[in-house]
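Okay, so subunit A shows up in both of these, paired with subunit B first and subunit C after.
Coming up: the complex of A and B.
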């Protein structure tokens, strides 16, 4: 294995080696160097891209996706104070939640972990979030993106209602809307006026990362 | 194995029921409304679904209790009526079944993942034991642990179901991987058959998924890896949202056309999951009669 802590970090993530990963993170933290911390965050992001590719290609499964998301979140928790002390800016706030009637939180949580690992501030509204609560959060937090998750097909109608409410309150133009979950599709996203559909957490994170660079 | 189940199995392929959610929606269940709550608020409409399946030819009907466990109902106003919901669910299906069908009570997944720490094994066990006990007290003939993606969670639910002394059917959902023949956690049908068999369940199965055709190889893999009777309840294809409506691409007749191959692959219990209806069971019955 490479002695480069950043390479080690990436390979530990891809080998699902929690202890090795946290040791590598500690080594970076001990340097107390914001640039090294940023390198480590970039290495984590590269690792997560590979995880995403393996998941999309059917080589890896939900377990690996969830576990690497948790590992990345833990690593980011230790690295981000260094980034903040250097004045590095967050990529922006993302409000996430599972729509009304749907109590599934797994996909939302994985996306939250991945997006947080990519440098976004996450405001998680939880599950079964009412239309007005999404709108209130959009007004209060002024996010760059609002993410809605929906696993149950019977609840898919709530997604469009949230977007309508954002428009009604004049909040829609200021943010992007990304949706995901087993009940939703690309076509559905177009129908309800969402900006993007994410088939998985990694793609979703790529999408909001691209938005943040626009 | 219970004598009645042994006798049932000796009579050849057994038709189960189809989807409940869409049938309840057709009877007024609102978008986002918890179907299981209807066991107490609209028992007559729930019974109408079970009766439609029995009338169509189902010799096994499930119960409207898929989500009626304490963890799956977390944050739902009915969470403190878990026991009532399950007992009522069984009573409803028993009324519809009469002497024409057996009632296999449904236990679905918690919606949480052990791996992510979203729930502990102890919490899952408490939730599934409570549900299984209520289903047993309600008078179920057997318990079906279904739509499980994670063997670790399935194992806990199966132990809870077995503790009741009732026959247990254990079903995984295969919808992931390159060939859509793995569970979301990557488990193959062979691995599932071996793991479920080791838990000494009465029947192993697969439900939901990506359509009936994909479950033929899964069924064959089960049959090669296990001597247990096999239960297959597939979806009517892959759901699509069109104009805000959920649409499945397989018709009842197309679905039933796969029945001979499914039986040849080793299936004993056959029915439908998401997107299927009493018409699908009728079509399966007609196919069996040929």
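Coming up: the complex of A and C.
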């Protein structure tokens, strides 16, 4: 195996090797070099790209998706103080939640983990989140993006209501809206005026990452 | 060679002309007879007695029947084809109760009544003689509401508008009404008076039939205040029935767990058992109840359509042409096709078998990954990676639900005395395969198909309440519903259970 710490991080993540990954992260942290920390973060992001591809191609399933998401989030948690100390900006805050009436939270949680490991601050409002609570969080946290998850077709109407409420309160322009979950589609996103639909958590993370680079 | 032959089924007097050589199983299946072991000749549930004509004794039947029984004409319907004119007595239509512990005790009284199992997919009704406990007529038809979605959630959504609700309510009421009329027309006695019509079904079907507000069923926590016992004036249903019966719907247990499971608890006698009994009815929703006379817990877990072969590339219902069973023989996959002809697709039990075989032969890894693009079964029928993924979600949700319920009871899978599988899928699925994929982690000999537990229990409710004080309302209050959506452990268990056991 290569000695390159970036390669090591990536391969540990892809081999689901928690100990190896955390050791590699520790080694980076010990160096106390913000540049090396940034390299490590990039390596994790590359690893997650591959995870996403394996999931989309059916090679991996939920178990691996959830586990790698947790690993990456933990690694990121250890690296981020170093990045912050060097004055590197956070990519911004993302508010997430599952819409009113719906208690499914697995997809939302996975997305939250991935977004966190991509360097976003996550404010998770939980499940069954009322329209007004999404709007309040948008006001309080001034997020770069607001993410809604919905798996029940009967609850899909809430997605549009949240977007309307954001507009009504003059909050819509300042942020992007991303939605996902089995009850929603690309077309639905267009209809209700969301900025993007994410078929899976990794794609969702790519989308908000691209937004933050705009 | 394929000239039709006449076959007559007693005691209902149903008759049909079928092509010579047709499997008896296919004929009886059309008339609502259930094949608990899926037609493998294991269980004896499809027993028939030859009243006229003949069915040659096959060797394997000697194990199940005594010499005397064979001499009396008892045979397993699933082992025979129709070669000549036949008159058969169908045992399932004779006995009122299929549960093994004890016969039906009932207070015999003159009169007739009707029981209905109002299922999301199928509606089954029986006309009963309250004196003898016998089934006088039987009807089974597909729920015509399905045009507004096979999925209950789609139907509920449709029913949220006023016109949608009226349409759904009327569709289901008139279908049950028509079933009743057909049953009455089929009996020779023209001056029957019906005393009572008793229905059971899940909470959504209960609300449709009783025309109740659907809004509480459209969002969390899915609790309706009106889910209790309901009585409806037959005039409001647009039914004109002899005897002016009381029409009543049994109460739901909470959330989506309906009176079908309440009836199932009665049918399995869980509420009286000392040992722990489990009951599962697996469709797009997995309805579960586990417990004994001290405590019973229940839950509804979303499984998705995989057990009914929905969203499966070559999925189809368990009818002629469906691969219903797969086994490994000499390293090859061997398929059992319903009706014996060319395979056209795969049904839920076939999918479970196929995946179990895939795990055995290494074609499928424990994380569900196929070792190659797809697995060919027979003819052009194959299963894909996506099919396996759908099954993983369904089985994960059910297995996680069972773990949560056992945890609440402080029980272990190994202490469950009997695991009853109700409903169509439960009837056909091979217990060994169900265990191999980790759907139900119980020894195969403790898993038992129970058929239509809802209908059975509804009959018990009808016959028993006066006699035993077994009042369903009291039972209902003692059963605790566990909402899985807010359970702390569900998610972790679900993820673990989406994988297959690594043996």
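As a working rule, the second predicted complex is superposed on the first by the 214 of 214 C-alpha atoms of A that agree within 3 Å, B and C clash if a C-alpha of one lies under 4 Å from a C-alpha of the other, contacts with A are read in each partner's own complex, and residues count from 1 in each chain.
In this section, contacts are C-beta pairs under 8 Å (C-beta built on N, C-alpha and C of every residue); 3 or more make two chains touch, one makes a residue touch a chain.
Computed from a predicted structure; not experimentally measured.
S.K.: Taking subunit A as the common reference for superposition, should the pair subunit B and subunit C be classed as clashing or as fitting?
M.R.: In the arrangement built by aligning on subunit A, the partners subunit C and subunit B clash.
S.K.: Is A:105 contacted by the first partner subunit B, the second partner subunit C, both or neither?
M.R.: A:105 sits against subunit B and subunit C alike.
S.K.: In the superposed arrangement, does A:184 touch subunit B (first), subunit C (second), both or neither?
M.R.: Only subunit B; A:184 stays clear of subunit C.
S.K.: Is A:128 in contact with subunit B, with subunit C, with both, or with neither (first, second, both, neither)?
M.R.: The answer is both, since A:128 touches subunit B and subunit C.
S.K.: Counting only touches as set out at the top, which of subunit B and subunit C does A:165 meet: first, second, both, neither?
M.R.: It touches nothing on subunit B or subunit C.
S.K.: For A:58, using the defined touch cut-off, is the partner it touches subunit B, subunit C, both, or neither? Pick first, second, both or neither.
M.R.: both
S.K.: In the superposed arrangement, does A:70 touch subunit B (first), subunit C (second), both or neither?
M.R.: The answer is first: A:70 touches subunit B but not subunit C.
S.K.: Looking at the overlay, does A:39 come into contact with subunit B only (first), subunit C only (second), both, or neither?
M.R.: neither
S.K.: Once the shared chain is lined up, is A:200 touching subunit B (first), subunit C (second), both, or neither of them?
M.R.: The answer is neither, since A:200 touches no partner chain.
S.K.: On subunit A, which partner's contacts cover more residues, subunit B's or subunit C's?
M.R.: Residues of subunit A touched, subunit B against subunit C: more for B.
S.K.: Taking the options 62-70, 152-160 or 188-196, which segment of subunit C carries the C-alpha atoms that clash with subunit B in the overlay?
M.R.: Clashing stretch: 152-160.
S.K.: On subunit A, which stretch or stretches are contacted by subunit B in one complex as well as by subunit C in the other?
M.R.: On subunit A, the residues that contact subunit B in one structure and subunit C in the other are 58-64, 66, 100-106, 109, 127-128, 152-155.
S.K.: Can you name the residues of subunit C that touch subunit A in the complex?
M.R.: The touching residues are 153-154, 156-157, 160, 218-220, 367-370, 385-386, 389, 392, 396, 485-486, 491, 494-496, 498-499.
S.K.: Considering only the defined contacts, which subunit A positions touch subunit C in the complex?
M.R.: Counting only subunit A, the residues touching subunit C are 58-64, 66, 100-106, 109, 127-128, 152-155.
S.K.: Which residues of subunit A touch subunit B once you look at their complex with the stated criterion?
M.R.: 57-64, 66-67, 70, 99-106, 109-110, 127-128, 152-158, 160, 183-185, 187-188, 191
S.K.: Considering only the defined contacts, which subunit B positions touch subunit A in the complex?
M.R.: Its residues touching subunit A are 21, 25, 29, 31-34, 72, 74-76, 111-113, 115-118, 149-150, 176-179, 182-186, 239-244, 246.
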